[in-house]
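Two complexes follow with chain A in common, the first pairing it with chain B and the second with chain C.
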Partner chain A sequence: MEKTKQWGWSPQWRKCCRGRKRKNTLHPHKERQHLPVAAEQNRQRWLFAVYKPPGVAWNRVRDAVETRLLRELNAAPAWPPRSRIRFLPAASAGPPGLVAVRVPVLAEHRLVRGPRFTQLKIGAGHRLDVKASGVFVLGVGHGNKILSHLYNCHLSKVYTVRGQFGKATKDFSDTGKLIEKTTFDHITREKLERILAVIQGTNHKALLMHSNIDMKTQEAYELAVKGLIRPMGKSPPIITAIRCLQFALPEFQLEIHCLHETQQYLRKIVHEIGLELKSSAVCTQVRRTRDGVFTLDDALLRTQWNLQSIQNAILNCQLRVKTEIEKTMSHWDGTCAPGGTSTSPLG
Partner chain B sequence: MAAVAVRRALRAARLPPVPRRGLAKPAGPPSARQLREADEAAPIFQYVGKAAKRKDRVFVWGFSYSGALGVPSFVKPDAGWKKPRRIQATPYRLETEEKITSAACGYGFTLLSSDTTDITKVWGTGLNKDSQLGFQRSIRDRTKGYEYVLEPSPIPLPLEEPQKTRVLQVSCGRAHSLILTDSEGVFTMGNNSYGQCGRKVVEDEVYSESHLIHQLNDFDSRVVQVRGSSESKSEDGLKTGLGHYNITSVPTKLGGDIAGVNIIQVSSYGDCCLAVSDEGDLFGWGNSEYLQLASVTETTQVNVPRHLPFKIGKIKEAACGGTGNIVLTEEGSVFVWGYGILGKGPNLTETAVPEMIPPSLFGWSDFSPDVRVARVRCGLSHFAALTNRGELFVWGKNLRGCLGIGRMEDQYFPWRVTIPGEVVDVACGVDHMVSMVKSFM
Partner chain C sequence: MAVWARLAAPCGWLRAAGLLGLRSRGGAARACCGAAPLPALRSAHRLPPWRLRVSVADCAQPSRAKGEACAPRSSLPVAVKQEQAAPETVSDLSAAKLYEDWDDVPPSSALEEISEEEAVKIIADPLLPPQSSTLRDYVDHSETLTKLVHLGVDLSQVEKRQKAGQLLLTLDFEKDITKILLFLKDVGIEDSQLGPFLTKNPYILGEDLEALETRVAYLKSKKFGNAEITQMVSRAPYLLLFSVERLDNRLGFLKNELGLSVKKTKDLVIRFPRLLTGKLEPVKENLQVCQVEFGFQRNEVQQIAFKTPKILTASKKRLRQTFDYLHNIMGIPHNMLTRFPQVFNSKLLRIKERHMFLIFLGRAQYDPTQPSYISLDQLVSLPDEVFCTEIAKASIQDFEKFLKTI
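Moving on, here comes the complex of A and B:
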């Protein structure tokens, strides 16, 4: 009798399970769900960026990408069905006895087992809130581990923020409850740039203070000259650079490079700029144009959320992600360890 | 029939239709139309008009027990919850009656002046043991004067035309003050034990509670700048650059390499002096113990002005500190030399040749490439630099909180001071600083 696989709570199943839960590995009898990529590429950095539209929560975007990928993977042609020899009773007309017949194994048929892929591990990088839009980094499979290494690199992100003078609302955006309306005809581009210079200056000071380096060392001086001082742990939101791209009263557009920020913090900055200019301002648009090494050109639009485009995007970004992580890790290895990593990301 | 119809029609025409109150509807989120109407009905506030001017403010920080900061509640608290504040570590706003155009810090005292045509033009605060702030009559005893002045108090000047003359500049030394006016020369007061007030030295003169304000009026040409400095502790007396080491109590023209050269700026502190000519050349004389003039001489004292042949470009401004010097070139680069915390990290403690401080420490980057240093100032052992964006950078020894960075530790490279305004000018003293600031709007 051939060996059959045991399922359920039989002693053979439980013997296999012993120790598995602690190791968190898959059951030896279950099929490991691999994406159809060649074996030597399995340990690469599977990260890609999508463009999150405004008005949609980030987890919905992640779910939509996962659903589309699953649909395409399950629609791919399956392995040809296995067949086995069965000894079936002979046909009624003919000598009695068993006849060897080759029949397909129905237990492995797609309609019996269900779709081959039911779930894909897609992780999200730095999140975007509902009203914001822009570059949103996702990781597939092994890329999820790389996401945490990218987070520990503490790279800055670039946003374009649009604001409008004249109104102040409760949640600092133009759809919130109106608090106050003010005049704004006294505002000029020069005054706005003066305020932006001050914001940049105080944030530069915060950058140096939160980077946990002793200011009395020669090394701190060298890093400050090169501009390489950066907080490598938790810190409050810091703006590394800010400038005005467009200015047409009452609207204006700013480009902000920041670290450890939230989009609501950027809206609050727009509100505070309005207060400093003795007027008020609301934020009409927050759009992330760059997240670490991923720019707007790498972000996939909704029409491109399919397997082929995602694979191309992953291949395009792999080298950049690898060099960026290597650069940051090698630079900070000797001086101070970044928060939380003990294993090498390049293994 | 027709009459009844006519009467009904008339009644309807006379009385307007009565508004009937229907059943109350539940409140829901405001519709788009309600939001728009609320938006349009909201009143518009005006905080500032188109022609609003920027306000001028004065910020002070440093050691406050001498009264030099001009805030009496730091020394003598006037409310129960206030505690005496020995050191003000971050910039503190000083309320002044007039717009202050010039300020100077001495050792424990401050002078503020305004170019108004009012009677009161100069205010002084701080130490007054040598009458460096003039005679401040005490309220309790009308014959005596105050030794410490805790608030900016007016200094009465013996002007011929008090309502026409304007005060251009004030300057302070260790224990004496100089006030430059536009038409009545220079007024000096304070300690004169080495002739630094420009009058003859009187033996055993008592300087405290003195009413004497000396006026220097006999110069060949117009005086454009005054500079007082701390006197040296050696026995040679004040370094005058006149070719001898005796005390001079009468202003005398300088010789040496400087003869015949148009000088646009002079700076001195401690025992060393620097002068900048209109062609961008630098001249120095005085003490050279700390390698300030080591590029031209091996001796430690130079009594004749010598040209300092540094190949760093045309020099716009120079400032002397107690042990280090700083210059600013036309392109906006900052060079330091001398001894002490020079601003290039803890490893560079002394150099005879000027070293440039990288502009990236002053806020220059690819994002903002037009940031340039506009002014440099020097205190006894610290430096200050002002950029064209109105930011103030300080570095050096943090004596009793004089840097204003909120910490008491020394700062080895330029560090931004957070001031709510655009800094126009700054005056550095030994342990305190005063800055003149324009508000943002």
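Moving on, here comes the complex of A and C:
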């Protein structure tokens, strides 16, 4: 899983520890970890989903969320600076001598030390490329570890893909260099659905092959009944379900459930569907509507990237993430789990 | 000075009281013995010689230059000389009175040898570091820095600048900084704005006062009013660092490049003084991009630059992307873009989302001759709620649902 730049032993991290030889202040890094989420002692699954707009790289989205969160966290009122006793010359009116005065320690003042939070560890889940849009899972702090556990659960993702018949381009999308133009009047919905059934069949065979289960056992039957047959390790992209949502020549819309895919692979599938139908097609939109347990309803829009909404989103998704991880891991713990982690995620 | 230091030798509690804070001379010893809020750690410990040296030096110069290597070894002879110079001042004070409160322990020389146990028990507080990359180590010991923090200057930003922290430490508040602050107040900057101003431009504190006044006089000679000069200086803090001839050259360059009249150039510079302080090549290049790549006429470019001067300092990639979407995909002609150049300043993503929503609703009409026309500045500048209710005639929930489908 993608993690943010490591700030463990970087010079910036060490610099903030310098001069901190006082006994009654908190370690500066402990201050940073205190994100104001309720009941943090339960090792929360700090995961939430945002809606990535098309035309923006995924790391820009991650940085924008981090910047907004930091701005809100730093705007919260800070503790007043510590004070210490100093002996200063008395006022000229009174008797000469030294007077004990309590003065604040300016080295801890906000204007001298800088903002309390300068970085947040926000990790990204399954990435989306620049032209794609949709549900994009991010994890904060401890959620980064849960991201890797979610990755090892190998849950499927759902995309809606729009295509257009009649053109073929170099990079299979409508903004690429045009290679050929074809007619598409002969295409009907039945022909398209026949092709989709063929694709689903071949992919189902690949699914069974890569999930490394002996099909003749009782255990395989139980897994199939629960719907848990899927490759639990590395495998090429597999489409578990594909169907046509809309068909209006020359445009069409498909819904694809897949595993271990990239968005460019889905565009290539659209191109191949065009070739199978003796025409050509380009992909105009790839949009992820579901990533594991996170759906479109959980995804936060740009206007909702603030502390309060993110906290609510985290609390809403926690239980679902926990049950899903438990379900997958408890089944595979007993049996051999190819590609899974040996440590328990339910810390 | 050394009197007090030597008498303090048997009195260990001074160490705990924060020796570096003490400033006063002669009468200190008497007052020290009287006021003892902290527990007195009476012992026969003597202060090592480098300790004496630091306390003396700190009293004399509260603001020390960063990077000044203070080798303890070199302090020994200094302290010794001060010890030897001490007897002259002792006779001024009444030694008998001074010695009344102390135990009958004669003051020992700093060079006397002490046993290992005593040496180990001496608490060595950290000194002012001779070199540091942050001003945090010096702010509590420097009056200048303390007063700047009270003014509102963000030292954490200043210390990141090149040599700015060094400059602040070498300056003295009463002698140098006060007159610059008074000058800035005369120019018209308010008290609450002084802190942020100095954060952005700390180098002005090291400038010559006469030079600054000459530059303000030059601006006044060019018929800029007092309020206008205040506005220019507060929006572009680096303006007064430029010499008179540089300012003159830049004003001339802008006038020639844009081809506007003197009055219009002045108006432009008052509204956007960053043109004067920023780089000049990007301005020239952006003008070329507008004329050659986008195909605007010269008078259209002048109009756009006068209305939204920010285009002249915007990044070319962003300008190209925005123009490409506006002209080729939304189909807006050049004359409409000249009438509403503020679209170039807004975010491309915002324009895209709102345009696609209007297309979805069938309301994307940007031609003023047709009915239900939507002007570009309304498309771009209105907040989301007003845009949804007034322009798109839909609810904000519909807009959010639509955003999740693109």
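General remarks:
By definition in this document, the second predicted complex is superposed on the first by the 295 of 347 C-alpha atoms of A that agree within 3 Å, B and C clash if a C-alpha of one lies under 4 Å from a C-alpha of the other, contacts with A are read in each partner's own complex, and residues count from 1 in each chain.
In this text, a residue touches a chain if its C-beta (ideal position, glycine included) is under 8 Å from a C-beta of that chain, and two chains touch if they have at least 3 such contacts.
On a predicted model such as this, the values are computed, not experimentally measured, just so you know.
Looking at the shared chain after the overlay, A:Lys234 reaches neither chain B nor chain C.
Of the two partner chains placed around the shared chain by superposition, chain C is the only one that A:Leu106 touches, whereas chain B remains out of contact.
By the touch criterion stated above, A:Gly55 is placed in contact with chain C alone, chain B being left untouched.
Of the two partner chains, chain C is the only one touched by A:Thr303; chain B is not. In the superposition on chain A, no contact is made by A:Lys170 with either chain B or chain C. Of the two partner chains, chain B is the only one touched by A:Gln218; chain C is not.
After overlaying the two complexes on the shared chain, residue contacts for A:Arg86 are found with chain C alone; chain B is out of touch. Comparing which residues of chain A touch chain B with which touch chain C, the overlap is empty. Within the complex formed with chain A, the chain C residues making contact are 17-18, 21-24, 27-28, 30-32, 34-35, 37-38, 126, 132-137, 139-140, 145-146, 149, 152-157, 348-349, 352-353, 384, 400, 403-406. Those residues of chain B that touch chain A in the complex are listed here as 38-39, 42-50, 52, 344-347, 358, 360-361, 363, 365, 367-368, 389-391, 409-413, 415-416, 418, 422, 440-441.
Interface of chain A with chain C (complex): residues 15, 18-19, 21, 51, 53-56, 84-89, 96-100, 105-107, 109, 111-115, 133, 285, 287, 296, 299, 301-303. Taken together, the chain A residues at the contact with chain B in this complex read 166, 178, 180-183, 185-186, 191, 194-195, 197-198, 200-202, 204-205, 215-218, 220-222, 224-227, 241, 243, 257, 276-279.
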